[in-house]
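Two complexes follow with chain A in common, the first pairing it with chain B and the second with chain C.
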Partner chain A sequence: MATPLLSVTDLQVGFATERGLLRAVDGVSFDLAEGQTLGIVGESGSGKSVTAKTLMNLLPSYARVEGSVMFDGRDVRAMAAERERHFWGVEMTMVFQDPMTSLNPVKKVGEQIAESLRVHLKRSRREARDDAGDLLQQVGIPEPKKRLTQYPHELSGGLRQRVVIAMALACSPRLLIADEPTTALDVTVQKHILDLLDELREERGMAMILITHDLGVVKGRADQIMVMYAGRTMEQADTATLFSEMRHPYTEALLETIPRVDMASHSRLVPIPGSPPDAVDLGQGCPFAERCRYCSASCLIDQPSLEQHRQGHACACHAPVGTDAGAAAHAANHETGVTPAGLDMGTFATAVGEKT
Partner chain B sequence: MAGSGAIQMRDSDEVVLRVESLVMEFPAGRNQVVHAVSDVSFDVCRGETLGIVGESGCGKSTTARALVQLPRPTSGTVTLDPGADGQVELTGIEGEALRSVRPRVQMIFQDPISSLNPRRRVRDIIGEGLIIWQDQHPDVDVDARVDEVLRAVGLDPVVAASRRPHEFSGGQCQRISIARALAIDPEILICDEPVSALDVSVQAQILNILEEMKERFGLTLVFISHDLSVVRNVSDRVVVMYLGKVCEIGNSDSLFSEPAHPYTRVLLASAPEPSTVVDASEVAIGDEVPSPINPPSGCRFRTRCPRVTELCASAEPVMRKMGPDHFVACHFPGSP
Partner chain C sequence: MIVLARRLAQLVAVVLAVTFLAFTAMNTLGDPLFNVVGFVAAVDCDAVVAGEIEDISSQGGTTLGDCVVVAEAREEFHLNEPLPIRYGRWVGDLIRGDFGTSFKNRIPVSTVLADRLPKSLLLMGMAEVFAVALSVPWAIAAAYRANRAMDRASTIGAFGMLALPNFALGVILFYFFVVKWQIFPSRFEDDNLALRLKSLVLPALTLGMPLAATYFRLLRTDLITTLQEDFVVMAKAKGLSNRWIMFRHALRPSLFSMVTVFGLNTAALIGGALIVEQVFSIPGLGRALVEASIRDDYPVVLGATVVIATGFVIINFAVDLAYSYLDPRVRRES
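The block that comes next holds the complex of A and B.
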């Protein structure tokens, strides 16, 4: 296999707090090849955005970062120390969740796009403005010439996000990181934006990291998916494998908890009981153990490591779904009615319509 | 509408809430008017969950607020128990009379944290309504009732009651909001995007609680959301709104299995995991929703509709029947 475009190995990010070290990202590794899309899925606080910000060198200076990030054979973290100017925003760019806060409200859209062209590619004012118009056209904005002279508040949410995408694409990046690019948008617009990102990726052969809390968003669009929880990688696989033979109880729980349009009315949702753990005080076991149906005694004391059970599918669990160990743990918990973590198995049967 | 007409109204003793020709307009300066809700009519039966779905700016939240007269609608009527002896027209009463009816209709909001007073303890937040309510029900034991509703939503009163909202997570705050709404024993609970601000894992907990509470306290729900799959999950009947008008209304099963309005079909096709009953090519034209200050003539969806014709610009479609309890306001309904 050729060297991947981006290779992250054992990334650790911590923040010192009054109560101790908060481990926002704990041992994340992945490779991303040119032209591929990686989906990172997780709830709020799972470390997905911190991972993206680490790659973009956007973390505050007090963050403690360890591990290696290699981009096309170059060490990104060493570049960060040297304050490399023409890397972020040129070869690696990012699109944020809220398009309004990532645009400057007192600057015309055209100037904002032209700025990076002028700084990084040394274009003249006129060239940069013409290029900005072309970029707006490429991201599907009607009347691009007119839009160049408008301010962000004059545009709708969908158009603003297209402007942000145009800015990110200005210097033809090789990697685009999209952090919840459509969460603030309506569904009809969401589809347009995701389709646009996909088209642009294909056209330009760039790699993309798509961060979302919605497994449905990455299902049809990512080549690989990484599921994160409490800063750790829970499961990592190519998309088809993940959906056909998911192994981690958290992935399974995430999928079961989301209502789908083709389910009947009032059909039962399986909730994930409790709430995500405190990242300062994670304890020694598996971070998901307290909310897990498959929890066994060893899960509470021994943190499972991310293991590849076959090429391209890794999972960090002692009793994965679909294995004998998983079935045994689930059956044992069902028998006693309570998991070793003290979770009442009845919580999973809070059936809608099931009368008590 | 997309269209006007009132063929979707039901004539049944079971109807507890009837909304007729509801109009909400707000001044926008320079003699302009925002037409937030224009001529919306629907009804809700006892024990039913009515889902209202649509994109931002379609008037779904404004409709919800108009139901509880906050603020009062520009015109139209909202009636509790229509046809019965105790019929109350909320839009026709005010002052003490309105205040005495308010406990019957309660509301929960999107952002659970900002809808709770951060300086008060949970017991006081939930108990406040009860203390006011005591004027009419002198025998109510406030503390016991607070404990009861807290337990009902899955919080331990011993631990939770003396804390303040900031000590709870978003999901727990939403449980407190539900407990507050339930404390004074309402008949109708209006939920305005109750799960949109929550993580997916917590969303299911709250949806399940609402469903349980509905059964336990005999509630009728009006559930507003922009998320089709959530609405599909909780609703018996669904109203699809676009730019202040009702596009389609019908029972959940028939609306989701045979969506007739092009806008409903667009919504279903745009979901991250599109529904199988629509074709992936049925998408809206452009991202831009027209301004509610100057809405399009005829059918309001025509500027983004994949099936638009000249008729759509000149005539506003009237609600027509597609099946038993399934109505649509479109000149060219059904699958393409």
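The block that comes next holds the complex of A and C.
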């Protein structure tokens, strides 16, 4: 593979809190080639948004960041926001979760799109306004000329997210980071927005990082997927491999939480028992051990490292799904009815009976 | 148009309510005649004139002639009539543009107002200009550095400015700038606009500094809140500079509390700057109002009340207009 557009190596982000250092991101690495899509998947607090904000230089000044972020050969972390006026917003931009709050309520939609063009591309007021109209057209907003003079509160959620996307795309970025771009929207609108993002990426040859808690969202859209938990990478693979040879119990658990077309219409979804761990006090074992049905004694004391078992597929687990170790750990837990971490195996029984 | 009509109705209602209260209070709690004829009014002159009391030597040297003056004055100022009728008469005069006559020197109230009001308005305007010019840049600077040394020092400074009473600040400024360094005149000079402005600098500062401290606190807090909004994060992600974000995104939606308090303060300043007017010898409306109240000179008090109430309503209207400029969502509702 040629030099990737974006290369993140061993990224660590911590926040000093009163109780100690909160490790929001711990050793994340990935490469993203021009025009490709990376899906970052995980629950709330898994570190996916912090990773995105680190790339966008949006972290508060007290955040402690280590590791390297290279964008097209440039060291992103060495750039200072006030000097590097035309990097963020031009080469790399971001779309946020909630279009209700990410637009300024007191500025006209047209002005909010046009301002990037005026600041970065030095367009005149008129030119920027015309371009903003074109952008609205491109993101599929009907009557773009009229919308330019409207305020955000006059638009629906779906239209607002399209406006946000138009804003992000104004300066033709090479990388777009979309952080849960559809979470705040109606289900019926979600697919439209995701498809739109995909189309625009395709047309413009732009790379994209799609952040979501829903594996279903990235399934048909991402080239690569990285599953994060408690700030760490749990599993990393290209999309087809991940779905066909899923190895990490957390990935499997995530997949069981989403409804699928091939399931019987009234099958129950399996929630993941428990909640993500406290990122200040992670202990020494695997962060997912407490909630894992494949948990073995070693998982509680020894943190598994991310290892490539074959080219392009890495997983951090002592007893991966689909391996002998995994099957043995699961069988042992099934036998005793409780995992070494103290989780009742009966918790899983309700939904996928044959599995436990 | 409907909005304007509603405002006008509101103005009339406010003026009527306020003046009725003032009228009743001034006439029941004090004796307006005191100013016209002196202590005589305290004597039971009705009885004297009616011949019921023959020996008026026991009435502290008051003569029959004095009592006749009292009776005439009562007639002239319609003080014999019942209160509602007198109030009605006053309102009727007001509608015709007649504010009545001051008991003191028989000067028309409109003359008093025309003399005093411009000075008070100029003082009010200057005080607000100073307050805004000081507080807005100050709040912006502090909001950028929220909770850091400069911000904390500013907060303490603002509380200090609020805690220092007006007269104390006025006297301090007066001592240094007038007595010691003789930069500013010691009393109000009315010869030309430049001189008028110059003699109002210190009083306006005295009034403006606590206002600035209030505005600073409000704007700083709102700015810090706004700067944490998602749309500001979005603006940063668009690569806009801090300056652009501050002036084109954050400032406008942060102005609400400040504008509200600005309106209330401005209206209150029209007739409420009496301490500062006293310290700096400015013949403003506030002093006129206080002096008239003490003398039970109710035509002046009522005239000033009408002006102040009108000011309140007009400024409130302006504040509402400002709201709809600041936030397009307000425009929809109204």
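Following the convention adopted for this analysis, the second predicted complex is superposed on the first by the 333 of 356 C-alpha atoms of A that agree within 3 Å, B and C clash if a C-alpha of one lies under 4 Å from a C-alpha of the other, contacts with A are read in each partner's own complex, and residues count from 1 in each chain.
The rule is simple: a contact is a pair of C-beta atoms (placed from the backbone, for glycine too) under 8 Å apart; a residue touches a chain by one contact, two chains touch by 3 or more.
None of these values were measured; they are calculated from a predicted model.
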Chain B versus chain C as contact partner of A:Gly342, first or second or both or neither: neither
Which superposed partner A:Gly89 touches (first chain B, second chain C, both, neither): second
Which of chain B and chain C A:Gly205 touches, first, second, both or neither: neither
Touching partner for A:Asp214 - first (chain B), second (chain C), both, neither: first
Partner touching more residues of chain A, whether chain B or chain C: B
First, second, both or neither for A:Pro60, with chain B first and chain C second: neither
Chain B versus chain C as contact partner of A:Gly73, first or second or both or neither: neither
Partner chain in contact with A:Lys107 - chain B first, chain C second, else both or neither: second
Where chain A meets both chain C and chain B, residue numbers: none
Residue numbers on chain A that touch chain C, as the complex places them: 56-58, 81-82, 85-90, 93-94, 96, 98, 101-107, 115-116, 119-120, 151, 153, 164, 167-168, 170
Interface residues, chain A side, partner chain B - complex: 43-44, 142, 156-159, 162, 186-192, 213-214, 216-217, 219-220, 253-254, 257-273, 275-276, 291, 350, 352-353, 355
Touching residues on chain C, where the partner in the complex is chain A: 229-231, 233-242, 244, 248-249, 252-253, 326-329, 332
Touching residues on chain B, where the partner in the complex is chain A: 55-56, 169, 171-172, 199-205, 207-208, 211-212, 215, 226-230, 232-236, 252-253, 256, 266-276, 283-284, 286-289
